[in-house]
Every structure is written in structure tokens, then in C-alpha cells.
């Protein structure tokens, strides 16, 4: 039972990170109907830049990293990443605003390729780590089930806090502000929106900024959670997060978070229990390597069975 | 062949709560040019889409006799219906823009080709002959519709997208004719055409009819409808409100009401009644009988995208 | 000009490919081997890009997982050939006469290894087609973005299955020691020339076959049907094109050709592993198609050569360029006396080396630039159409317009 709880909690933790990253996808798709293939790479860049900043600021071998400093630099990196997001749109996607969906998708793929390998040029292909304040990920704030049970650390608390705040913030932004109304209008009918005086470019740029900022935090957290990461992490979490966005209903922000949580939990269960499932053709259980397949499988099933996702509305052409 | 080429019995199409077409009964007689008219949103293209299999009727029957026997179109796929000698053009031109003019026509032959895939793979003589014959036939069809298909013009090698608008419409008709149809459905063929092009189109439609093909068309251009139709059916809000010869329909108060509003219709009916009364001195007032050509027919409306 | 011009182009290209090993032999041992390696690498891209073009270019289906089908072809071949300790080869060796000397390579079609490969090919093709149906049938109603993503996920799941089901596929280790294409390409009495060029000519033959199939497809109602599905599904249906059938046709042809590409890959490498199934390969195939011009057979051919050559050349040249760069940095460090400056900052001097991934940066840039400035590619279909010119000039010009029946119809009435 405790083990189940452990897996589930782990899943929840990674799940909300997927959700944060998925929000970036869903917001961009809602506005310009583009699958920003390079979003995963943007998140990866957030993690890379954070690692670099923290390393510069506190020395490569530092052990005692002040919490405040860490937050400052991580935020700086995330803001910078938001800027990267805007740059990405301006350089790659904006020029193709009127062209076919296929062109835009291929450009996004090209951008993903480019960013991934640029990252190698700058940071190398080896593993990177983000130095965190001592005890950040290890000291238990709460303990469930005794000393050998589940630990809830600063890390977990902080990402939960951040996520809840972000969701509220986004809700407020989208539903209660004028700018949020502009975003919704643009998502529904860009032509009409621009005729009403809404500056489309500004709306799109802001969308990219917010999505990339959140994605950067998500990327950093994933990197911390995993311990070490490399330039390829963007590809995987990008696809999983996209699956989450589609699962929740593309264009729906709460949907993206919900999708992320579901996939995170199922993934954690898979990692834990797959080996217990008897293999149909050989002895022993299914390989835990299939944990990675969870995201893809969910994605395929959702697209085939319920393309509008859990919280999305029916209708609209996905072609 | 006895009976109408196409018969709609109580044809109905609902989209969720929207009643796009409701209980339409009509017949298209063989060898005629029949027009389906009505204000925008009347359900005309929806009817077409049901006939050609793109929509499935919610209720009612689609009866077809173009192949000599009676068949029911309900539930058949579009490509199955196409193989039954029913061809159509579209409101928004649907060509393959990056294909040549010739290739666009040749797609029309699709239902008639006899080669099997293995013959394609092995490039047999039978296949090559068929391809060549299709090319030659395509040229003839292009000529038939009025597109210059001679060697010198090089038209056939042009990309379809580079044709002027009017020619694109002709090309679509050429493609439709390539399937050797018994019934040709034209969805707003004159949309966007200037008067000269419209006249050419009218000649073409008559020519097609003279060759024995039944024509069923949707149009907003009333001049065209009045001049070439043998029979007109009027839809409004998904229901049939009038039918008959063009001249009859033109004066029908329900039709006038649909196009110009009830007030205008009443006004005209009154006017007509008054005139009739004056002329006869006394007696029955018979509104709706057209005597004066001065009464304006529903005007030619500019065609709009989308609903019909 | 006629269809002949395109045929000429392709025949010349194939002829050049065939002559290449003989020509470059003049350059001497190392360069010869190098050129062969690059050329055979390019061939793989040319073959697989043609296969992908059937889906992406002709049918408008953005398939992001072609490597799965190539990989399936390669794995099928590898597993069947190595099964039972190369039992298949042994079987043929047992029933064929033992030739020696020149007879061995002149009668290569009687070589046990070669026959084993030929036997394996239909199996690989059939399995690949079945796999494509597994993907193609559920996705019949999907287009555009979602279709692309599903194919991507599908390929990744396939990769995971291959990697994890070691009992079937030998897992991460891959299948090693696959028998070579010709028995006289290895062993004591191996013939050097054949050892290095055997798989190359085999790949050229496969490429020729692919081109033949694709051209036959394009110049027929089958190809026109695919293009109609791509350009305007609604109109295609109204012209009698059964969209379901044609999408499946697209998958079948694509996967069959991809499987052949996989066999060519196997013949070249004599080894296959899960790392051959990585997503990057699919992207590179896509690059070839996009760069050359979607739907354009000649274009995709050129795209394949260009990117294959570019990739290989970069891979080979990069270390040298990197070494030069490193030397430059060291020189600058010493020349400008930066040592003390570094020390004061507590930095350590480490010259920057260009990583191998630089070539992928280039591919990414190519994709972006092509989509921006020449979305129709280097040799777009439009040009190809004009190159093909007026159809049927010459022999078929006076064909009977038998499909034109409008003149036959009686006046009115009959229909």
C-alpha cells in the first residue's frame, strides 16, 4: 500500500511538471494552431541555462548554495527562456504565418533539431546537473509511513506551490484581464480580433513568453528530479508533455495540467508495476523500459479515440 | 427509361439541432436542365451533398434511375455514387492546383478505367494504350468545354492553378464530364463569372443537355436560371416552397417573400390584384398570376461562400 | 520535351552511380573506400526518401516514423539470416554446386548468400506492409498534425519494443555477424573489389527498382488518385476515388520500398541495432523529401544525394576542422599571452572542439530555410511537370479518344 502511495506521489510530482510544460504547448496551439515541436528544446534550454547560471554564480564545485540565490538565478534563466520563446516565434514561425500547416510543422521540427544540437555545441553532449541548495531535494519536511517511507521535501513543496500559484495566475490572466480576453479572442478568430484592434503579434509573443517561462521552470524541475540530464531530454519530455496537452484537450490550460498529472501517475505506476505483469511470450515481467512508451501510447489512443481530449470541446478540424 | 433520373422523397438532414433540409420532395426529369434555387442557407448545397454521398440523409429517400434501374443512394459513399454516372462540380472550385490541366481531367476518368494495378506495374501494352486514349479523350473534352487543347497552346500542360478563374470552372466541368455521367450536378457554376463568361457557360450547359446528360444545378444568377432551366425548384430554410417552370416560379409570392421579404411579397400581390381587378372590371382577384413582366423576379444575388 | 527527358535524367543518374566505383578506384585505395562508403550511405537515403515521398509527397501524409519500417526490414533480414547459425545460407550452400574462381562472381545469382538475401526480401516486405496496415488503418481519418504525431509515437513504441524484447531482437546489442551479401565477399578467398562494391551495386539495383515503381505509380490512375487524395479529398471522392483504398495503397507501397531500404542497409552494415531506429533518421529522410521537392521524384533523388553526401562529408571532415580550430585556439592563447589572464580569473583553458552534432544543426537550418524560401524544394514538381511537357508526344499522339463518348449520346431522353 505504501509502495502504491509512493509511486502515485512520484507520479503526481512528475505529472505536474509535465503539466507545466504542456501548458506551453496548449497555449501556443490554441493561438496559432501550431504544434511547437521545439517547445521541449526550449524547456531543455531553461534547464541548461539555469545550471550554467548557478554554476557561474556560486562556483562549479560549490556545495552550499543559498536558496535565495538559487531562486533568483533560476527565475532569471526562466525569464531568459521566455525571451528565447519569443525569439523562436519571431525567427521561425512568424514568417510562415500564412503558409500551409505542413510548412510550419516542418519548420518547427527543423527548429527542434537546430536547438538540440546548438545546445550540444554550447554545453557539450555530456550529462549536466543543476546544483541545488543543500537538502533541497533530500530533507524531508513530511514523512509518511515511518523513517523508510515516503519523503516529502522542500523540492516537492516548492513545485506544488509554484504550480498552484501559476494555475491561479493563469486563470486570472486569461479570464479576468483585458489581455486575457484578447488572447481568447485571438484563439477563436484571429481576423476578427485584429479588426477589433488587438495586436496579434503582441498576443502571440506573450503567449510564447508565458508558455516558455512555465516550461523552463518545468524543465528545471524535471532536471532536478532526474538528477542529471543531457541535451536530448527536451525531445522526450516535449513529446510526453504534448501527449498531456492533447489528453487534456488541446487549447485548454487546466486540461494540460490534468493531462500531465494523469500521464505522470500512469508512468510512475508503469515503472513500478510493469515488471510484475507477466510477459506474453517469455518468462519474467514486462520490461520497465516501456515506461517511456506510456506517453506515446496515451497520445495515440487519445488521438484515435477522443481527439478533443478530456476537457476540450468537439468540433474543429485537426488537419 | 421511365421515371425521373433523380427523385428526392421527403429528404431530410439535421445537424444536431439545425434542420438544414426538411422533407424535400422533388424530381429531376431525364434530359432536362433543372435548377435548385433559394436564398443563402436554404439547404441547396446540403441537398447536393446528400445526393453525391458526402452527407448521409437523416431521413427520406434518394432514388436514382440513371443507370436504367432504380437504386437508392442513401448511405452510399461518395466514390460509390460517382461510379454510378453521377458527376458534380463544387461551389468552391476543387481542382488539384499543382497538377496539369490534362491530369485534372484524367482524374475524371477514374471510374471508367479498366487497367488493374498489376498492369500498371508491368507497364503492359493494354495499360499504355488506355493511358494514351485517356489523354486523347481528355483533349477532346477540353475542346468540348471550350478550353483550347491544341498542341501549340500548351494549355494541357499548364498547372491548373495558373488558369484564369472562368477557365478553372470550365476545367471542373470538363473533369465532371470525363466520367461520362448520366446526371451532372453543377453547384453555382456561374459564381464569380462576368456576363460574357456566363453566356458561354449557358451555351455549354445547353450543349451538355443536348448530348443527353441531365443537368441539375444550383445557381444564384437568376438570369442564367431563367434562361436555360426547364424546371425550377425553390428551397427556403430547408423546405421546398415552390416549383415549376421558371416563369411560374418567378411570380410565386412565396418565392418573392423568401428573397425579398414578406412585405415586398404582399405589396406585389396587392399590386397584381389591383391591376387584375382594374382590367377585368370586377370579379375574382387572382394574385400570383404573372401578367406583367415589370414585376421583378428575385434578383441575382452575389454568390457567397459557404451556405447555400 | 517529353517524358523521355525525365527518363534520361534518371538513367544518367543511375549510370553514374554504377560507374562510380570504377571511376573512383583510380583515386587509390583509401579514397576509393571512402567514396564508396559515402556513396552507399547516400544510396540508403535516396531509397528511403523515395519511399517516404510516396506518403509525404504524393499522398500528403506527413509520416514521421519511416525508420520503423526500414528498421523492420533490416531486422527481419538480420534475424532470418542469422537464425540457426546462418541456417538459411547453409541450406543454399548445401544444394548449390560449389563454384570457384571467376565463376563464383560471374554467377553471383547462384551464390548461397545472395540467394539467402533474396529469400529474405519478400518476408521483410510482407512484414513491413503488415506493420504499415497496423498504423494505416486506425489512422484513416487523421490528417495533418495529428497524423504526424501518431506516426511519431508509433515509431517510438516500435523502437522501444525492439530495444526491450531482447529474446526476439537481441535487445540493445543488436544483431551482429550477419552474413555478407556474397559469400565471396568474405573469407580467405574473398575478392576485394566485390567485398566492397557488392552491397553498393545491390543498393543501386534496389534504387532502380524503387524508381521504377514510383514512376509507374505516378504515371497512372493510381498516382493520380493519390494526388487527388492529397489535394482535395472531397473532389477525389466525387470522382470515384475510394479514399480508404488509396491511403492504404500509399502505406503499402511506402512500407514495401522502405523494407527494401532496410535490406540494403543490412547488406551494407552487416549489423543492425536499436540505435539504427532513432528518430533522427526519420527526420533526415524528411529533409531529403522536403529539400528535393515534395512529390518530385527527381527532386527527392537529388535531395537524397545532397543530404547523404553532406552528412557523411561533414562527419568525416568535422574532426579535421575541429582539430584546426583547436590548434587555432591554442595558438591564440599563447600568442596573446592569455595564460595569466585565465589564471587570475580562476579559469582553466580548454580549447573548444566541434562536436559531431554540428551536422544536425546544419540539417535543422536547411529545413527551416527551405520551408521559408523555397517551400517547393530544389526540383519542384511544377518544374517536373513542365519537363514532362505535353503528354504522349510521338507514338501515342494519335490514340483513339475512346473515353470521349459525348458524341455518341442521342438527343435528349436516353441517358
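Letters are used for the chains, namely A, B and C, taken in the order the chains are written, and counting of residues starts over at 1 for each.
Basically, contacts are C-beta pairs under 8 Å (C-beta built on N, C-alpha and C of every residue); 3 or more make two chains touch, one makes a residue touch a chain.
Just so it is clear, the model here is predicted, and its values are computed rather than measured.
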Which of B-C and A-C has more C-beta pairs touching across its chains: B-C
Chain nearest the global centroid, as defined over all protein CA atoms shown: C
Averaged-CA centre spacing for the pair subunit B and subunit A, given as whole angstrom: 52
Gap in Å, rounded to a whole number, between the CA centres of subunit C and subunit B: 47
Averaged-CA centre spacing for the pair subunit C and subunit A, given as whole angstrom: 34
Touching residues on subunit B, where the partner in the complex is subunit C: 1, 5, 30-31, 52-54, 66, 77-79, 82-83, 85, 87-88, 90, 94-100, 102-103, 106-113, 115, 117, 120-121, 123, 127-129, 131-141, 144, 151, 154, 156-157, 159, 175, 177-180, 182-183, 208-214
Residues of subunit A that touch subunit C when the two form their complex: 35, 92, 95-96, 99-107, 109-118, 120-121, 124-125, 235, 239, 242-243, 246, 281-282, 287, 289-290, 292-293, 296-297, 299-300, 303-304, 307, 318-319
Complex interface listing, subunit C residues touching subunit A: 60, 62, 64, 138-139, 142-146, 148-150, 152-154, 156-157, 160, 163-165, 167-168, 279-280, 283, 286, 290, 354-355, 357-358, 360-361, 363-368, 371-372, 375
For the subunit C and subunit B complex, residues of the former touching the latter: 213, 216-217, 219-222, 224-225, 227-228, 231-232, 234-243, 295, 381-382, 385-386, 388-392, 395-407, 409-415
